[in-house]
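Chain naming follows the written order as A, B, C, D, E and F, and within any one chain the residues start at number 1.
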Amino acid sequence: MAYIGFLLTGGPFDSERWRTAYELGRAALDQGHEVSYFHYLDGALVPVADQTLPGCSDSGLYDEMPTEKFQELIADGAEVICCGLCVDARGIDASADYPEGVEVGLLPDLADIIGEADRVVSL
Amino acid sequence: MLYLIDKPMAEIGLRTAAGDPEAHVVLIQDGVYLTPDIDAPVSAVARDVDVRGVSLPPDIDRISYHDVVETIVEQEVRSFV
Amino acid sequence: MKRDVVVLLTRAPYGRVHIPEGLRAARGIAAGFDMHDVTVIFTQDGVYGAREAVDREALNMTGHVADLEEQDGQMVADEAAMAERGVDETEIADDVMVWSDDRVTARIRNADKTLDF
Amino acid sequence: MAYIGFLLTGGPFDSERWRTAYELGRAALDQGHEVSYFHYLDGALVPVADQTLPGCSDSGLYDEMPTEKFQELIADGAEVICCGLCVDARGIDASADYPEGVEVGLLPDLADIIGEADRVVSL
Amino acid sequence: MLYLIDKPMAEIGLRTAAGDPEAHVVLIQDGVYLTPDIDAPVSAVARDVDVRGVSLPPDIDRISYHDVVETIVEQEVRSFV
Amino acid sequence: MKRDVVVLLTRAPYGRVHIPEGLRAARGIAAGFDMHDVTVIFTQDGVYGAREAVDREALNMTGHVADLEEQDGQMVADEAAMAERGVDETEIADDVMVWSDDRVTARIRNADKTLDF
């Protein structure tokens, strides 16, 4: 088993990076690896609850919304930490806006992931 | 070493991969539009190819997320995404 | 007042919402009270989104394109942007017209208003 | 007096477009013009209340946060409308997350701005 | 007609301005890094120039937001930002 | 475990938070429990941010750069990216080293981990 850490700086609607982070994390969990995410910059917007976009294709990027994808990863054992400074900068109220399981941390958490993970993928 | 390459970081990413005789390049996201001139095996993420309707040249393989992760676990990775 | 509006789609189609949401805006403007005339131009990396081979369903384009057509909106691909990216005219979807550099830029200059996504 | 409409699709941290929209709107109000904003896509994140980023320079982009800049414009007479679909997609709770004066609208509001404004600037 | 040009949309923006004998180009945001080869008066937004520490060539004028708005009110504008 | 970390700054400095917040991350990593070794490389459009003439104060760089220096982090500008953009070595700030293409890319390959902003 390996430990794979992800740094995600992309937001939910401006690039595919959140989705790539999800797909790689999904595959890693399926293969029995340990997975941590550190959401930084607009990555902090990805797990915000209650995202809805009507009429989305079942085969596309938003078959489920980004927050649902990450809730699924958390349920399957992934650790998801959002940078508290980025949370505050965006006016996100973590206790009200994040679903259960999303943690708020700080840069020492990213430093720990870098120190402990076998692989780090920056997206 | 695996090199994940998207278009916005292709400039530094492909230069970095070019110096590694053991490089394996994986085109990902909008990186699948690229046809890098590099002396290394090149793959492209299948899902990203399909949804964009890109026709890959014969020397670029398709690769799944599952295989990307397997390869990342076997060897180090540099992400330019 | 009814306006002649050009909507520019400039970004590559997948991974971001700009092409589908730009189309949503285009048909929304065409359907509003003034019933503006709308021309959607796929330019720069947006021309990748005008290709027949893209998965329009996965890109959430299908419904917006149908609505836009119903409002008599037209879709155009910028030939100069295609040439820059090696996209051939034969690759462009049937419901998208291919216009030359001069025609595209004249259309943009002569529009009442332009929006870009 | 002229009527200037702005379409803002850029978010608060990924480009300078929100700031350009502010500066041009500020100058337009100072010159006695009428100003409307339609915030679309990540533009809907710009007026979200309670943004804080510590240690920002007084001479830089975040001398005040984006939401404060737009609250100032609203106080001085600008109309600020956020696209409701974009609001919902981002999990923004308009009544709780937007300061007073920020309206939620739909694409017909953009169509009206295009029909009525003397100039439209897309950012 | 005033043409606001930022870098990401410079490709279509400068082509559009080039066909207008009455064009006035205004470089804005990262557009101030550009030195467009165009037969038209070119200005650059002063604030964007200053914070980036860009040295403008002598044929590019500095322009304030105030003057951009004054010009926009006098004539039509096309934004490529 | 203490790691050798490269932080790539790839975007133009003004209008987005990537250079200051990338520097914040760099010094945060250098100051963490493991005290990682950190090299910040300004590359692609990021090299504009390594110029002496940028207003570091307005870009919120000053404090992060000071903290990074205190943690013995180093800052490097990528000469190949500079050449591509017409940025001369004389324009680069005194506290940023200019490294050749080979040296930059070898450093990236040989790092334990890389991050990019």
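Before moving on, here are some points about what is shown:
Note that in this section contacts are C-beta pairs under 8 Å (C-beta built on N, C-alpha and C of every residue); 3 or more make two chains touch, one makes a residue touch a chain.
Just so it is clear, the model here is predicted, and its values are computed rather than measured.
Chains that touch both chain C and chain E: D. Centroid analysis (C-alpha atoms only) places C farthest from chain F.
More C-beta pairs in contact connect the chains of C-D than those of the other pair, out of C-D and A-C. Per-chain Cα centroids separate chain C from chain F by 39 Å. Separation between the centroids of chain E and chain F, computed from CA atoms only, is 30 Å.
Annotation: 37 Å between the Cα-based centres of chain B and chain E. With centres defined as mean CA coordinates, chain B is found 22 Å away from chain A.
Annotation for chain A: residues touching 2 or more other chains are 13-17, 41, 60, 85, 89, 122. Shown for chain B are the residues that touch two or more other chains, namely 29-30, 48, 51, 79. With touch defined as above, residues shared between interfaces to two or more other chains in chain F number as follows: 14-15, 17, 55, 58-59, 114, 116.
Here the chains touching each other pair up as A-B, A-C, A-D, A-F, B-C, B-F, C-D, C-E, D-E, D-F, E-F. In the complex of the two chains, the chain A residues touching chain C come out as 13-17, 19, 55-57, 59-62.
By the touch criterion stated above, chain A contacts chain B in their complex at residues 2, 4, 15-17, 20, 23-24, 26-28, 30-31, 33, 60, 118-119, 121-123.
Those residues of chain B that touch chain C in the complex are listed here as 7, 29-30, 33, 48, 50-55. Residue ranges on chain D touching chain C, taken from their complex, read 7, 9, 40-41, 85-86, 89, 106-108, 110-112, 114-117, 120, 122. Listing the residues of chain F that touch chain E in their complex gives 12-15, 45, 48, 51-55, 58-59, 85.
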